[in-house]
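First chain A sits with chain B, and in the next complex the same chain sits with chain C.
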Partner chain A sequence: MDADVAVASGATGAGGDSDTKAAAHAASGRAVRRRQQLATLLFIAPAIVFVAIFFAVPVVNNIIMSFQEFTTATFYTGEAPWVGLQNYIDVVLDPLFARLTWNTGIFTFASLTVTFFIGLGLALFFDKTFRLSGLLRSLLLLPWLLPLVISAAVWRRMMDEGSGIINQILRAIGLNGVPWLTSPDVALASVVIVNIWIGIPFVMVILYGGLQEIPREFYEAAALDGATGWRAFWFITWPLLRPVVVVVLTLGFIYTIRALDIVLALTGGGPANATQTYATEAYQLSFIGFDFGHGAALSNILIIVSLVVAGLQLRVGRRPNDLAG
Partner chain B sequence: MKTSTRRGIAFAVAAVSITALAGCSGGGGGAAPSTEGESIELTAFDYYTDEPSHSTMGDRLSDCAAEVNATIDHQSVPYPQYNPKVLQMVSTKTMPDLLMINNPDLPQFAATGALRDLEKLDVDTDQFLESVLEVGKYEDKLYGLAPNVNSLVLFYNKTMLAEAGVEVPTTWEELGAAAAALTQGDRYGFTYSASTGTEGTWTFIPFLWSNGGSQLELDAPEAVEALTFYTDLALDGYVSKSVVNWSQADAKDQFASGKAAMMINGPWQIPALNDTEGLDWGSATIPVPEAGDTPIAPLGGELWTVPASDADREARSASVVACLNSEDKQLETALTNNTVPSNKAAAEELVAQQPEMASIVETVTTAYPLTGDSGLQWNDVNMALSAAIQAVISGQADAQTALEAAQAEVQG
Partner chain C sequence: METTARVTPRTVIGIVLAIFLLFPVYWMVNSSLQGNENLLETTWFPFDIDLRGYQLAIESQLPHLVTSLIVSLGAVIVCLAIAAPAAYGLSRVNIPIPGIGLFVIALVITQMIPGIVIANGLFPIYNSVGLVNTYPGLILADASHGIPFCILLIRAFMVNIPSSLVEAARIDGANEFRVFTSIVLPISRNSLATAAVFAFLFAWSDFLFALTLTSTGDVVPITLSMYQFVGAHTQSWAALMATATLASIPAAFLLIVAQKYIASGVTGGAVK
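Moving on, here comes the complex of A and B:
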């Protein structure tokens, strides 16, 4: 019981109501406070341990690995000769690197741009409630709910040059079939198309949420002043939506640039490396070729590129919103 | 409140230690007192996750272990996760007593030093085909024995060949002519897998090797000639250009559905072909450049190896490997898995019981391990060659240019 009082006064940080009791309370109060701080620390500790084990250790390991000649033998002997920047030099000077950079850039930029505009259009469309709009909106989430490997396998069948349904439709209306996944000139575009289809729900849901946050009164007031339609969008919706747009673009960028499963499931990086990106090549170096040093170097390059671009995006979008000034 | 604070601390401490412990559990193995003469449990690890392969393998392992007074703890993970999982075991020193390895991966795992030389463990190798022993060797030491091996053969649709009046091709010239004659309407005369990665690469290897080429001299005339012949079949329209995106299973689907009259594939497709109604198929060794040449196809197979542990466990595991490779066990596996026994007598018995396996058994006798000439460089060769095949079929480069680039990639 005594201790309870001490804890109470210690916790509030007050000196106590009586001078005679104050000194005694202060001493036990300090001890209790220390104990509480210890308890606080111990409660945070699992989270710290978790972050350290599952995030810090792998990242640090990956960085160290990228400076070593790390092969399958390393797993047994533990010996990984230090090679400094050699892995990075090898990866960058590889004839394939320019191709990887181009593919990664086009894949990310094209996917993100088109996904964003279609997603924004759909979000604006569903912002006006109409009959069945809720049902339609949920149906549009389907690409997001399907396991990626399954939807990619279905797309692979649909895009087959000879028997795929897309080419059958094209031929039925008198057009030529397109070698979707089999021509190096078209394969990257095909992968981008599938990635757009997969990415739209994510963009739409977040932008739709952002639109719901904009007070309806703004539009009413603007309408009184004669601003409707396009002008309402440009002067009210867009400025107020911008913080959400920044989040969508930043997250979308990070999700897209590291996309691995969809490329592997559709083309495996082929034909003739036409769809090979940083992410797929890093995966293949490490887990197909067992060349962990080079794989780590390439994935670190990928991490640096994403960090720099994501950082720039956040910096550009720092203002809370355009109306705030 | 005091007690509740204390309980809170205790709880937090427990949480931390559980988190920390979780990271170190799953160990096992380690130095144990000698187990000689006692009954022990051996662990076995493979990627036979499908039934009935998993149970039949487990039964064979248990039968063999019983002979050395041991029981088996048999575990399987799917192949895509298999190699990373094995590497994890290697680094945490929690290797199983019996480890199965897919033969192209053997050089990588043998190079780690984690596997024991089977000849030092007194495994008798007399009754094996020389080509099969080669599959389990790395730098002249025998690390693994494959109870059963497989390779690639030419499958053909008997009905379509008869309709077109075409004989089963045995040379490249005949193969080209047959493919042309069999290409009709939306049906292709021939098909193979040219997908990114090993499936696409090793389907081409019989053509490279039978022409005298080597995986380490990709820009040599023999290799260029082989790739030119192989890809011209697609460029001339006898093989669908979609093959760059077709796995061996896709190629089998095309063949089974009548969209291709011939294909290069492995005997593991036989059950699916037999299940296809109305399909009358046959198989033959892969056509060679000139009449009289020997077909050299790549050997594939799953090797059983013995990772280093203590003397008693290694000795018993080696006995299990030897037992798995005994004649009757091999025949049993072959009859259920459509593979070729590595024991000569068992192989002959298989042909007697399943005549459709004759061509594959014949192929195996002259076959060569897939990574036989490239060894540790196989992974580089695989990626570079796969890209070269795809580049030519998709019209990006001619065979000469594509293979020069591939050779530069392998050497660089």
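Moving on, here comes the complex of A and C:
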């Protein structure tokens, strides 16, 4: 700071004006400050440009395309006629839309609920230190770190109707094999099971972090008053963990409703659209059917639904700046 | 908190839980070692180790693993080159720029945008500037996935750097850039390592951008190749599981060598 001030006031002095020393000092202080602000801006500028190109522009582009007839022809002719709300109307009135909404809702709600309770159970389990607890906790992160497509491939192997290990076990105990991924009645549940498996470590780690923040003295004081076990959980753990729970459920919701990798790699949205969601159908419309207008409309519906629900979750729970970590 | 950890029923239950939850990972490795094309069912333990699955996997998938490695390392470099200075700029809270708080909020919001929206909006742009089916195109898209997360993560560390360190360097005549490279970056290496690990895993796991921004087979990372593989030859389970095992190595490796970074990254930034 001092070095900068010296340089800057030297420059002001060279201007040869007759200001008082104090005014010169103030002016040079402002100059230094401006220079530092410029440096700060230069540090951030590449990121601003990058985020603009890779987030703001695609989002805006997606909004524009959703009001256009944007198809394969557009890539050749460059022409994308305006169609107003027609893409949205088409997508919503399509008989498939109800199915997509149901699938997306069930997939997200069932995945998130079950994942949350299992993750909470594991976080509570690991909250007490025991031999190997650290090692086991890290090992359990593995499913979450594997590429989703890899996990999906492994589950495809395990859920194979004829030779998969799950049906092998079911048959060994006298039950019938289940057509996990090939029956329209079961496929959605199967995809949910895999998604739960993938999501457990995330929920566990975040809730575990939240539990570790709760001062142990609270439990000791409560124990003196006779509150242990479930009572301690209800009156100490749960209220203090609540902000973390809100964050986990909000992020979990955002990450689950958009899930695409798992569904595509497990079932491709089938059989008979039984596992098709907003995200997968938006992909199919744009990149299989090359109908970017309709794909954009459906993916915008996805973004609106996820932001509205996430906003409601945070409103009910806590302020949004918790997300910044 | 008790420091003497004893073997208790909890340890036993914990091991049972881990075995149950990690069973699919075991099954992947187990199946990959049973190189049978004829036997329908995989046996519980790979008593007769058969590496034909790996032979097949390496023959057909090695180029895709290399592609993934190139793309992921490229994404890490781009990600850190952009995120580290930005994180430092945003951590200089005593030199505020008007409206910069909005940028931090924007970074948080980017995490909420579904990937398909980005892919959908990006493809026509990529198509018009010729970035479809190119390494730079995929590297930049994959880096974009990690950049907001990495900025928030590194910034959370940098705001705690004592300003006296920075002031001292300035008195010694270092300019802003020197302060950043010779003081701030070395101190922040743990958070940079965490960011690098996550940027790598994001890029390595990426499927959506690979699926949507490539179409010709010029740039096919392992995730996309796995996806095509699953669709095409599901009979060849051993080769498929061998490929899956090979593709899981980076995650498993990083979990072992960078365990503390991963744990701090998950709790620090909350992603995926």
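Please note the rule applied: the second predicted complex is superposed on the first by the 276 of 325 C-alpha atoms of A that agree within 3 Å, B and C clash if a C-alpha of one lies under 4 Å from a C-alpha of the other, contacts with A are read in each partner's own complex, and residues count from 1 in each chain.
Following the convention adopted for this analysis, a contact is a pair of C-beta atoms (placed from the backbone, for glycine too) under 8 Å apart; a residue touches a chain by one contact, two chains touch by 3 or more.
Bear in mind that the values here come from a model prediction, so they are computed numbers and not experimental data.
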Which partner chains sit in contact with A:A221 here, chain B, chain C, both or neither? Use first/second/both/neither.
neither
Taking the superposition as given, does A:V308 touch the first partner, chain B, the second, chain C, both, or neither?
neither
Quick check on the superposed pair: does A:G269 touch chain B, chain C, both, or neither? Answer first, second, both or neither.
first
First, second, both or neither for A:R156, with chain B first and chain C second
both
Contacts for A:F43 in the overlay, against chain B (first) and chain C (second): which applies, first, second, both or neither?
both
Per the contact definition in the header, classify A:I89: touching chain B only (first), chain C only (second), both, or neither.
neither
Which holds for A:P184: it touches chain B only (first), chain C only (second), both, or neither?
first
Greater residue coverage of chain A in the superposed arrangement, chain B or chain C
C
When the two structures are overlaid on chain A, which partner does A:Y283 contact: first (chain B), second (chain C), both, or neither?
second
If you stack the two complexes on chain A, which partner ends up touching A:A31: first (chain B), second (chain C), both, or neither?
neither
Set intersection of chain A contacts, chain C complex versus chain B complex:
3-4, 36, 39, 42-43, 46, 50, 75, 156, 160, 162-163, 268, 287
Contact residues on chain B for chain A in the complex?
1-2, 5, 8-9, 12-13, 15-16, 19-20, 23, 83-84, 87-88, 90-91, 108-109, 111-114, 186, 195-197, 240-245, 259, 379-380, 382-383, 386-388, 390-391, 393-396, 405, 408-409, 412
Within their complex, chain C touches chain A through residues 1-3, 5-8, 10-11, 13-15, 17-18, 21-22, 24-25, 27-28, 31, 40-42, 81-83, 85-86, 88-90, 92, 95-97, 100, 103-104, 106-108, 110-125, 127, 140-141, 143-144, 147-148, 151-153, 156, 167, 170-173, 176-177, 180, 201, 204-208, 211-212, 222-224, 226-227, 229-231, 234, 237, 240-241, 244, 247-248, 251-252, 254-255, 259, 262-263, 266-270, 272
In their complex, what parts of chain A are in touch with chain C?
1-4, 33, 36-37, 39-44, 46-48, 50-51, 54-62, 65, 70, 74-75, 122, 125-126, 128-133, 136, 138-158, 160, 162-163, 165, 168, 197, 200, 202, 205-206, 209, 216, 247-248, 251, 254-255, 257-258, 260-261, 264-265, 268, 279, 282-283, 286-287, 292, 295-296, 299-300, 302-303, 306-307, 310, 320-321, 323-325
Which residues of chain A touch chain B in the complex?
3-4, 7, 32, 35-36, 38-39, 42-43, 45-46, 49-50, 53, 71-73, 75-78, 94-96, 156, 160-163, 179, 181-184, 267-274, 284, 287-291
